[in-house]
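Given below, in the form of structure tokens, are the structures.
Next come two complexes built around chain A: one with chain B, the other with chain C.
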Partner chain A sequence: MYKLVLATRYLLKRRITYFAVLAVALCVFIVVVVMTVMAGLVGDFKQKNHDFTGDCVVASESLVGFPYYEDYVKKLEASKVVEAVSEVIRSYGLLSPQGKDVTRGVEIMGLDPARHSRATGFGNTLHHRRNDILKAFVPSYDPNLPGCVLGIDLALERDSNGRYAYDSSPSRIGFPISCFPLTARGALAGAGTALANTKTFYYSDHSHSGLARVDDSIIYLPFAEAQALCGMGGETKRINAIHIKFKPDVKLTTGCEEARRLWSICKSEKANESQAYLLDTVTVQDWKLYRRELIAAMEKEQMIMGVMFGFVGIVTVFIVLVVFYMLISHKSKDIGVLRSIGVSGFDIIELFAGFALMVGLAGSCLGVLGGWQFLLRINSIERWLFQHFGFQVWDRTMFAIGDIPSEISPRVLTVIVLLAIAACLIGALVPSWQAARLKPVETLQVNQL
Partner chain B sequence: MLKLFLWLRYLRKRRIVFLSIAAVALSVSLLMVIASGFTGFIKAYEQIAVDFVGDIVLQPPRKFPNYPVLLDRLEQLGAVEAAEATLSGQGVLYLGKGNVRAVHIQGIDLARAAKVTAFKSSLLKQKSSPNDPSFKSQDSRLQTQESRLQTPESRVLCPESCVLCPGGFVGIAVVREPDEKTDEYDFEAAEEIIGKPVVLTTGSVIEQKDSASPPGETQFRRRTLQFTVADIIFTGFYQVDKNYIFLPIEQLQKTLYPEQEPVAEMIQIKLSLGADVESAQAQIRGVWEGFVDDRLGGDRYLKEFVDIETAVEMQSQYVEEIRKQMGLLLLIIGVVSASVVVLVSCIFYMIVTTKRKDIAIIKSCGTASGPVAWIFVGFGGCVGIIGSGIGVVLGCVITENVNGIERWISVVSGLKLWKSSVYMFSRIPNEVNWFWVLPIVACAIAAAAIGALIPAIVAARTNPVEILRYE
Partner chain C sequence: MSNNDVILKAERLDKSYRMGATRVDVLRGLDLTVKRGEFVAIIGASGSGKSTLLHILGALDKPDKGAVSFEGRILGRQSGRELNRFRNKMVGFVFQFYHLLDELSVLENVFLPAMASKSVLGWLGCRRRAKRRAMELLVQLGLGERVKHKPYQLSGGERQRVAIARALMNEPKLLLADEPTGNLDSATGNGILDVFDKLNKAGQTIVMVTHDDRIAQRAGRIITLADGKIRS
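Entry: the complex of A and B
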């Protein structure tokens, strides 16, 4: 009990401890704000990648793709762990909007909108056909024309606030798309004739996945059309990827294991087929692994930021150390009295550790409170700064970021508070140790009083 | 003298002062590394723009003919050393079995490009050659192979309708991505494609000239050409290495606009040494307007909507954004580092309270309150100077060896922190920015001195009579 009383007394009566509390609060405030924003950005980015990819992807990195997928898809659909499956064609093509003197290289993604929306979040990224996904590739102005869905940055402009100039209905614009059809051996299928296939598709909708590289470079085409355009149709059909969604109660690792098991069964069944060599290029990966290059970059930045704060946090440890050192040097008589009535050295360390805990808790509470209040207003502060000074944290015409993330993650918060308390305990360690070693005979000598 | 004596004594005897020195050093080095990293990145970004497009770029709103006349007129200006015309397009490149990439095509006049930009230094094979760079391979064995590939009879991949082009350059990452773990390119493997034929599909929008089409209606016309890879481009800037191929401008003109006279899209200009940029821009604008009047029928649209910008100005929006991020990061770290003031204050307060007798003796010898206060403020400043000095040395060591440190982390932990595909450059900028070091050091010294201020005032207000009383 006396430990609690003394610790509270030191906290309230010794003004020097306010410095330590303030230093901890400042550090916690900054870390809470920055890490919340970063965690929000990273979490949002991961979620968008998950939505774009589905839970698992069976894919070949080669543009030639892989054949005999039909049986594998049937097996997946019959599996207890799989909820939805979507076959996808991926290739590169040349896009040239009609009436504009521009051409640009784009990534082609051929898919069945209904199947793909069940396996991924594709349906939610559509604008005009969100509630009628089956008609995603049907232009509203002429249902007989072959339609295409454009990544939103290929279709619309963004203003300084990051808002798109949405159209009430898609305009009639044709996009001739040319691409190389490849044989199963990877050679040009059209050698001796035209080499590249060209077909005009009409703008039927746009897709806003929230991923800059996707929205800026992908054009979605009907599965069969893309398959024919890339030379993957014909007798032995080929695809580039299969996106899989697992049932809600299935763990990602369990689902991927099952997808791998089924794949190896299919592969061995087709081992004697003429194009079986293409099956060796196929990998089964969960969405995190499939998009690792992009996700890892964001996670690394978050980690580097954490390390930087770790270095700066050392200053806070120093402050706590100095404050405790001062306090103990002033309270040597108290300690001498305590030791003289039989309190052990370990109890003294406990007393100051408890005091450090209080400093850490008080500082963390203040910092969290300040950070929470700041985060609640962070977007309105940014808007005000933009209106009055033209300042934005991120230029929304350049970055695919909407509002600044401000939702505090309990996990992030817990880690920060625990680290702050740990910093205080580390800072208090050496002075507490010294206090525990004080001898009452020396501190309570008459000439010391 | 007394001050110096006391400072040295406090430094030796009060080891806790080293904590404040360490804190200052840590903050200074961290801020220095951040500022140097960001400014190095910005500098590299601006430099790559100059290396890639020259000092000034003239970009009209649409393609224009008769550009050799414009180039001659520009080169007659004293401020202009050389100028070149470029034409660009987009395409899909077939590199070999199952290997197709979307690429940006740049048509260049190689002789002029070598004068205007640092083009030659980015060619893997030809950069060390004493000869001018060429779209034909310098390797005699490959030259023979190429000449065989360039005859109409030896169309390796193309049908009759396909255009044959003597040679072109391909970005290294178009051919081969850097290693996923080390982020290093396998140059030998990439060079294997030199001398081999590749096929490019591109196209242009042309006006329909048949009687059935309404006037002004345009149509996309696909064009395919085969060329031999003469060399590999490695600029160290991922966006260029990953997306670009370079072809002779005449060949690209013939491919994209076969029925038209040669056109250009952009003029890249290198200024003479010591030329005034603003005055050069004005002169170039004058030449352009004269050229439009003489050769392009005085088209007002071309005159008014032409962009004549320096390469650095072209990057300004992105650079501004990076500067903003740097400012924010420095502010955040700077605010946390401001705790140094509190730390110094606490330590000095402790020194003052434990050294009250010393202070009282000094005051009893006739020293006024002001000089006593200055002892501690000066000592705070000294702590700031020593801490900053250590911080600067530490910051220099870290910044200059940042690539080695990153490699070491990668080897030890398997974590590759810097990737060219994410951060554009193959190497982390490692140049210390002294422009930022000075304000950081000044702030650190000021922070330490401010931290010493309150203890100094407490020391100045010490009453020697009370302190030195016998009881």
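Entry: the complex of A and C
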């Protein structure tokens, strides 16, 4: 009991302990804010990639694509683990918006909007046709025209706050798209003036996936139109990818294994077909693997942040060690008195460990409270800074980031608090051990006072 | 003198310290016997080993050679836990500089030894009794009005009386006082000695260390320490 009483009094009465509490609070505050923002960014980025991709992608690395997919799609749709399947054409083309003397390269994605919305989050990225996905490629101003969905950054401008200048309905703008069809062997299918297939599509909607590279470079076309444009129609039809969504209770690994198994069966069934060699370029990957080059970079950044804040933790340990060392030097007389009334060395360690625990708890609570309050206001603070000083954490005209993530994860918070307490205990360990080893006779000597 | 009369016995105690390259022999084959209910004053020049002897008698330090026995039990043969219990229950220390804990009130300082020997639950069970005992001691020592004060709000004499109350909290069989009046003026020091007198008359065994002959005269027996031994 005396340990609790004394530890509380040391915490409340000794000004030097305020510095230890403040140091812990400051470290916890910084870590909570940075890790919350970072975890929010990474989590959000992963979720957006997952929404864009679906659970699993069966894709060819070659622009030529792969044939004989129809049977595989039927098998997938009949499988117990698969919820939805969407065949996709992916290629590159040249876009020359009407009324502008600009030609730029774009990525073409040909898809069936209804099927693709079931397999991915495509439907939720639409603006005008979100509630009428079947008409995604039907321009509202003339339903007879072939429509296209533009990545939002191809269609709209953003202001400095990252807000888009949304239109109430799509404007009638034609987008001539030229594509260079390839044969199954990868050679250009056309020659001379027929080298490129060109067709004009009309702006029917825009898609906002929240992924900068997607929103800035992809133009979505109706599946059959894109297949024809890329020269993948004809007798043996080809596609570039199949996006799959698994049923809710199916684990990602289980679903992918099943997709791979079915693919192996189809591949062996088509082994004697004339374009069977194209099937060798196909891989079956889960969404994380398929988007690894983007996700891995973010995860690496998060890990580096974690390591950097590990160093912050070491600084905390050092600060607590110094404060405890100073405190115990001042309290050697108390230790001598306690030993003289029968307190053991282990009790002394427990006393200072309890004190360290209190410092850790108090500092963590203050840091968490401060971090939480700061995160609640982080976006208003950023807006205020931008309005008065032109400062932004991320330039919204460049980065596809809306608000700064500020949702505190209880798991992250628990880990940070536990680590802060552990840092305090580690910092107090050596001084406490030294205190326990102090000889009462030496601490109670007149010349020690 | 029967064995039952002897509360404390030191036999052939040797103790030396290193001071740089030289070894200082503080105690050299010291023998001492204290009877139950005695008030013994140990006097000697500064550096003669008085405090060292007191610390060894109270199990705060260990002799290099020799043995101390308390009520027939040799302290050197006891475990750390038993020695902690011995310091908590059997001995009360009074120091020259009082050594009160500044963070605790007068009352808390006094019942600290009782609290130190109990677990949280044990303390919850006996705290009222302990506080009552601490209050009684403080009232007896004329500090009934000072219980909520902090040590730094008291005079030197008052602090020493608080230290005496703390030493008596667990009703120890032996009170060890190291220059208890050394930091006090003559009148206040006499007040403290009056307290010791009263305690001794009530049966308390006291061993007091001092360098002052006049103060030692207040004890029932005076022992002079010189060259690491008791001078007969």
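Please note the rule applied: the second predicted complex is superposed on the first by the 414 of 449 C-alpha atoms of A that agree within 3 Å, B and C clash if a C-alpha of one lies under 4 Å from a C-alpha of the other, contacts with A are read in each partner's own complex, and residues count from 1 in each chain.
Convention: a residue touches a chain if its C-beta (ideal position, glycine included) is under 8 Å from a C-beta of that chain, and two chains touch if they have at least 3 such contacts.
All figures in this text were calculated on a predicted structure; none of them were measured in a lab.
Of the two partner chains placed by superposition, only chain C is touched by A:Lys13; chain B is not. Within the superposed three-chain model, A:Ile341 lies in touch with chain C and out of touch with chain B [touch as defined at top]. More residues of chain A are touched by B (comparison of chain B with chain C).
Touch criterion not met for A:Trp384: it reaches neither chain B nor chain C. In the superposition on chain A, A:Lys439 makes contact with chain C only, while chain B stays out of contact range. Once the two complexes are overlaid on the shared chain, A:Thr103 sits against chain B while remaining clear of chain C. By the touch criterion defined above, A:Arg185 lies against chain B but remains apart from chain C after alignment on the C-alpha atoms of chain A. Contacts of A:Tyr277 after superposition: neither chain B nor chain C is touched. When the two structures are aligned on the shared chain, A:Tyr141 is found in touch with neither chain B nor chain C.
When the two structures are aligned on the shared chain, A:Tyr166 is found in touch with neither chain B nor chain C. Comparing the two interfaces of chain A, the one with chain B and the one with chain C have no residue in common. Taken in their complex, chain B has these residues touching chain A: 16, 19-20, 22-23, 26-27, 30, 34, 62, 89-92, 94, 96-104, 157-159, 161-162, 180, 199, 201-205, 218-220, 222, 224, 317-318, 320-321, 324, 328, 332-333, 335-340, 342-343, 345-347, 349-350, 353-354, 415, 417, 419, 421-422. Residues 51-52, 55, 58, 60-61, 80-81, 84-89, 93, 95-97, 99-104, 108, 112-113, 115-120, 123-124, 166 of chain C touch chain A in their complex.
Residues of chain A touching chain B in their complex: 16, 19, 22-23, 26-27, 30, 34, 62-64, 91-94, 96, 98-107, 176, 178-180, 182, 185-188, 191-196, 198, 293, 297, 300, 304, 308-309, 311-316, 318-319, 321-323, 325-326, 329, 391, 393-395, 398. Chain contact summary for the complex, chain A toward chain C: residues 1-2, 4-6, 9-10, 13-14, 333-334, 336-345, 347, 439-441, 444-446, 449.
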